[in-house]
Amino acid sequence: MSNNLLKGKKGIIFGALDEKSIAWKVAERAKEEGAKFTLTNTLPSIRFGKIGELAKDCDTIVIPANATVVEDLENLVEKSMDFLGGKVDFILHSIGMSLNVRKKRVYNDLDYNYLGETLDISAISFHKLLQVANKMDAINEWGSVIALSYIAAQRTLFGYNDMADAKALLESIARSFGYIYGRDKKIRVNTISQSPTPTTAGSGIKDLVGLMDFTGRMSPLGNATAVECADYCLMMFSDFTRKVTMQNLFHDGGFSAMGMSSSAMHQYEKGIVSKDC
Amino acid sequence: MSNNLLKGKKGIIFGALDEKSIAWKVAERAKEEGAKFTLTNTLPSIRFGKIGELAKDCDTIVIPANATVVEDLENLVEKSMDFLGGKVDFILHSIGMSLNVRKKRVYNDLDYNYLGETLDISAISFHKLLQVANKMDAINEWGSVIALSYIAAQRTLFGYNDMADAKALLESIARSFGYIYGRDKKIRVNTISQSPTPTTAGSGIKDLVGLMDFTGRMSPLGNATAVECADYCLMMFSDFTRKVTMQNLFHDGGFSAMGMSSSAMHQYEKGIVSKDC
Amino acid sequence: MSNNLLKGKKGIIFGALDEKSIAWKVAERAKEEGAKFTLTNTLPSIRFGKIGELAKDCDTIVIPANATVVEDLENLVEKSMDFLGGKVDFILHSIGMSLNVRKKRVYNDLDYNYLGETLDISAISFHKLLQVANKMDAINEWGSVIALSYIAAQRTLFGYNDMADAKALLESIARSFGYIYGRDKKIRVNTISQSPTPTTAGSGIKDLVGLMDFTGRMSPLGNATAVECADYCLMMFSDFTRKVTMQNLFHDGGFSAMGMSSSAMHQYEKGIVSKDC
Amino acid sequence: MSNNLLKGKKGIIFGALDEKSIAWKVAERAKEEGAKFTLTNTLPSIRFGKIGELAKDCDTIVIPANATVVEDLENLVEKSMDFLGGKVDFILHSIGMSLNVRKKRVYNDLDYNYLGETLDISAISFHKLLQVANKMDAINEWGSVIALSYIAAQRTLFGYNDMADAKALLESIARSFGYIYGRDKKIRVNTISQSPTPTTAGSGIKDLVGLMDFTGRMSPLGNATAVECADYCLMMFSDFTRKVTMQNLFHDGGFSAMGMSSSAMHQYEKGIVSKDC
């Protein structure tokens, strides 16, 4: 069933790899709600994943782009406007990667070239995208841009490493550019801070299974799933949220507002007791 | 045009006085989006305002209730379920009043009976409503409850007086009860922190015209209007936001994330220069 | 060893019950650092606890006061200025009590008379104290007022009940009055948000032992103790912090900035595994 | 007069340029409070400024270092431990620079090489410092590290440009490394978010005079000065604050907790009226 929430709207969706990706779910749901959009990812991700299938299902094309390369973004925006027949109304940025995490460099032994790449890929790419789109005047008035973030930007999680710093930078860029885009073109820029999600990329979070058990029990509504996140993104792309900008919006079943739940405490206390097993 | 966003949903809307009220706009828009609901306000407000007209336009009834009186809330919930034919899916709490403000008692000369009333009317009423609804099992699973708040809960504004403390208490109640309602019944509870709005009630904010000039210039998207706030409420009542709970959501054109805009600074500097006039 | 940090300063300390009280430690340390002060508590607490011993050790007097009664506060302030020979430089508010917690009324079955008392004792008493002190012009310029708070004001903890709302209200009052006191008299007002502490009063926190195990493992520096909190209070009373006001300052070993630590996760995962025991 | 607050403590102070620098004031006050420390800055800053005079007054040496170069930091730490006769107890990081600001590249026309430098100089240098110090085991248990920040990390200010993003990244690094340093060595890491300050470096803030008039009027205690900030740093270096870590501490006369003051509103309204001049 559709509410035609995005009827007539056009967009660009970054970061769909496979059917576990949040971006994948956003694409599927955006189509159901009446949107037209292009898809993009890096060439290796396009080859490694299944984005071609998604494009087919959504009657659209995949435009390869390395989001850290300004020229690639210019090409993406131009080709997207060609394909869609004009400016876009929404953009989803769902990109993050840390070589320090991949190469198991811990936070007090970072490789600074890797750190530079983490920040460039996971945060500065968002600035580049916004700057390119702004220079090319590629977003319609009252358009909406979303980047996906994580609570590690506010609270340290063991093992999330330099991705925490990247997410903090990403959220700052959303605020900084949100001011300019709002003032000049009535376009809103926000981040959505999503529950830990078992995507292929999310597997970089240390102890993801244990962490999701904890956050699920802490969150009164449980962890938010990828498809629920997609619905929230659509709402932020729709005309129902025109005056929300420069915000970081927690979509996490309540986790961010919890200090301790009965369910998590119960589980935790079994851990204390289990010392005596 | 409607997206049928609330098709089949039932609700209760507190606080519509006249067509300037945010609650009035929520009612109008909720009807357009397919919802059925009852309206409520205090008897004096019903007489003083025009809620009867709104009820007629929305094919519904007005059930008088003093939101500080548990019995009134019980009667409201019971009558609402009778009229609507079952449990509700959403509730809007838009209630606030300070006798200290009305009687011009400044914050360092509060009357403590008045303060008690401010907190009871503007914040504790929300707890009473939630507790009554919970005991009567009056809200469907995945229902959504919203209370309207203001940034004075986080940042002090000259003249907003004890209403700031009431809003802080209101937001805390939303979190505290949100945990229980989420855990036990998958119901979400949030507050929306709205731009200063020239409602009849909002006129209690000191220097409202000057303040709105300032917040409008500070906010890259300008102040959010009552009808825009209504749309945001609908989105939070819809199924697109099921995993958002215990949050305070700023709906303010970006004001909360601004330190200083070029537009507001420009206006402000004229004030500095004007000393030399 | 003393740094004479409060040499020549005068104050009033609320809330010392026995040697486990944070207020007790503040008094002991304040004396070591050169301060003169009076002590106060309610008559039942004076009888039940050992505040008389503390007064003897600190060469001072105990002035009974029910902090919810304006006349008692007036008497306290007057007697304190008499005893100390002039206006005070610092005040510590360390007061909190919930009959709902004591009588085991859960948060979705609150007694509203009890709630009124919780707010009056734990939060509004702070406003009354500040209003009385302001009207009596009882605090010197660049004086400092501290109230003790808890992270439940921001994040819900199972079982902390209506004390969470009281702490949110308390922190709001600190901001609201901090504006006026700063503007008019250069006096600062802050709250310190302390780790869970095994005081006699703190025992109201549900599952305190388990919770402290969790917060201790989450906090990279461990839970902050009562005497460490006392030292932080002294610093906030000293002249080294004159421009800090309207803040809520976390004194919690880092807990508030943590999402998940390796130590807490390790303990938690034992709880998961223990299902299979 | 001295409280011997840092008696016997050793440290490293980054960023003193001239007597307007906050780091300069920290050095002067740290000496008065009994500390021994080394000073450091880049070679150009050493030549351009007067740090040699400061070193003479403080009986210490200047060790040149480019804080973005790991080898320079290693040399600095080694030489400092040699000069001071052992590990240090405190470090002040007061470093920030944006070529985008200097070259008048606005935020929607950033040069990405400049952005890389802004982040490296103003934020990543802090990680490099902490990583080097950690690997060289250069900080004593219960040591304290402070970096200076600004509210632009949370709220966008016109013209502050990519320095806002750098400060957000800096604060995130403080949290991320604060976890590790706290857990492993009982060392605390915090940022102090200072009022706009008319230092030579601070002159990069657009419209600084107008902004300081605004923030001064908004802040109930007025803008915090450099020497007041120095005192707050000392407090955070002292043993009175051992359990405070991973925090961003506002030292701003109350600005961060203000929505609107009567004084700023008064000034602002003159700007509105002045249109009619």
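For reference, chains read A, B, C and D in written order, and residue numbers begin at 1 within each chain.
Throughout what follows, a contact is a pair of C-beta atoms (placed from the backbone, for glycine too) under 8 Å apart; a residue touches a chain by one contact, two chains touch by 3 or more.
If you're wondering where the values come from, they're calculated on a predicted model, not measured in any experiment.
Novice: I'd like to know which pair from B-D, A-B or B-C copies the A-C interface, where a copy means over half of the contact pairs are the same by residue number.
Specialist: Checked against A-C: the matching pair is B-D.
Novice: Taking all residue numbers at the chain A/chain B interface, are over half used by both copies (same) or under half (different)?
Specialist: Counting shared over all numbers used gives more than one half: same.
Novice: With chain centres defined as C-alpha means, what is the inter-centre distance between chain A and chain D in Å?
Specialist: The separation of the two C-alpha centroids amounts to 32 Å.
Novice: Could you check chain A for residues that touch two or more other chains and list them?
Specialist: 155-156, 158, 175, 178-180, 246, 257-258, 261-262
Novice: Touching chain A in the complex: which residues of chain B?
Specialist: Contacts found on chain B: 3-5, 175, 178-183, 186, 188, 195, 219-222, 224-225, 228-229, 231-232, 234-235, 238-247, 249-254, 256-258, 261-263.
Novice: Name, in rising order, each residue of chain C that touches chain A in their complex.
Specialist: 151-152, 154-160, 207, 210-211, 213-214, 257-262, 264-265, 267-275, 277
Novice: Could you pull out which chain C residues touch chain B in their complex?
Specialist: That would be residues 70, 107-110, 112, 115-116, 119, 124, 127-128, 130-131, 134-135, 153, 155-156, 158, 161-162, 164-165, 167-169, 171-173, 175-180, 246 of chain C.
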